[in-house]
Amino acid sequence: MTDIWLPSLLAENPQAGFELAIKLSRHSVKAIQPSDEIRMKLRGAYANDTAQLIASSQVIATFFQSVGAANDWWR
Amino acid sequence: MTDIWLPSLLAENPQAGFELAIKLSRHSVKAIQPSDEIRMKLRGAYANDTAQLIASSQVIATFFQSVGAANDWWR
Amino acid sequence: MTDIWLPSLLAENPQAGFELAIKLSRHSVKAIQPSDEIRMKLRGAYANDTAQLIASSQVIATFFQSVGAANDWWR
Amino acid sequence: MTDIWLPSLLAENPQAGFELAIKLSRHSVKAIQPSDEIRMKLRGAYANDTAQLIASSQVIATFFQSVGAANDWWR
Amino acid sequence: MTDIWLPSLLAENPQAGFELAIKLSRHSVKAIQPSDEIRMKLRGAYANDTAQLIASSQVIATFFQSVGAANDWWR
Amino acid sequence: MTDIWLPSLLAENPQAGFELAIKLSRHSVKAIQPSDEIRMKLRGAYANDTAQLIASSQVIATFFQSVGAANDWWR
């Protein structure tokens, strides 16, 4: 049975939508590198490397566009 | 005869849409590097390199925008 | 209790929207590297490295698209 | 006389649209490096370099958004 | 008092919109590196480095999407 | 007097729109590095470097989205 982690793109407000965008970003990485152990090790690397921190932010920004659209921008 | 791997962009829910975005990302790589063997070898490289993991996530995030739009964001 | 930092995507005008996009970019980095101390140290690195300055601008530009859409482009 | 290679963005289905996105990506590279010979040589380089494979996928994903929009997402 | 540099996203025509996209790109860099002196020094670096020139163009292209949308694509 | 190089985003068909996207990409680079001589020298560098060729294609793909939207995707 597949774990249900994304039942909906709806979020109560922009901040909850932002959190969802982060979740989507993390699941993307997980989809490519499923090992929790390896991801944990790698995390130390990118959390201290500004170029990678910025690239990660870009992924969050891109998912946030989807979450925002799905919530009709909370208008 | 061409293999039909993308009959539709419709997905039952956001999570299925996310899986479809991953499929589209993988097929993009396959379109440029069709050899299963080489891709398998390369996989070890990028699954352990955070910069490439993040870049791959960016591709997934971009395809997810298309899948989401095609499903009218599951509204 | 979670700190409320993004109650709304509404901004009075494009410039305020631009400031909000910067705030979203900073919070993205913060989500991945929560330590204020480490982020402060890293800041010196990317503020003086043009490649990273440009990549940061890309993140701002992407968030600005969301903020603009949420404000119906201030039309 | 200019070679007509993009008479329309219409594609019968998502998969045909995906193929069109690849075509657009290839023509982008061709527009900057018109020499078939040089492109052929370079191809070996990027088809075996995961970072470049991923970056190429990003281009395909971006063009796919255009093709999808032009086809009203095959709805 | 804050300097008003972005009172509106409206531009008379696409070319004026393109200029506005460049202005937005420059202000993004300025938001991260506020020192005029340092930015001036860095400018020499990226204006002569094709990879950074291309990355800067990507930022302009992304802001241009916002400016275009705000102007309903000058239709 | 400013040179008028972008009077309109309208293009007769997708291929003409693609050409316009290339023009926008070139003008972006020109906006940052105005010297024809330096750009000409740099051109040799990026036209033979696949990573930069791909990044340039990304810029074209992004501008193509704007041109396509402005032309209502030639529907």
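Note that the chains are named A, B, C, D, E and F in the order they appear, and that numbering of residues resets to 1 at the start of each chain.
Note that in this section a contact is a pair of C-beta atoms (placed from the backbone, for glycine too) under 8 Å apart; a residue touches a chain by one contact, two chains touch by 3 or more.
Nothing here was measured: the structure is a model prediction, and the numbers come from that model.
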item: Joint neighbours of chain F and chain A, given as chain labels; value: none
item: Centroid-based (C-alpha) most distant chain relative to chain D; value: C
item: When chain B is superposed on chain F by its C-alpha atoms, the rotation angle in degrees, nearest 5; value: 120
item: Distance from the mean Cα position of chain F to that of chain D, given in whole angstrom; value: 16
item: Euclidean distance of C-alpha centroids - chain A vs chain D, Å; value: 27
item: Residues of chain D whose C-beta touches two or more other chains; value: 46, 51, 55-56, 58, 62, 65, 69
item: Ring topology as an ordered chain list, initiated at chain E and continued via chain F; value: E, F, D, B, A, C
item: Complex contacts: residues of chain A adjacent to chain B; value: 2, 4-9, 24-25, 27-29, 31-33, 38, 42, 45-46, 49, 51-52, 55-56, 58-59, 62-63, 65-66, 69-70, 72
item: Contacting residues of chain F [partner chain D, same complex]; value: 13-15, 18, 22, 46-48, 50-51, 53-58, 60-62, 64-65, 68-69, 73-75
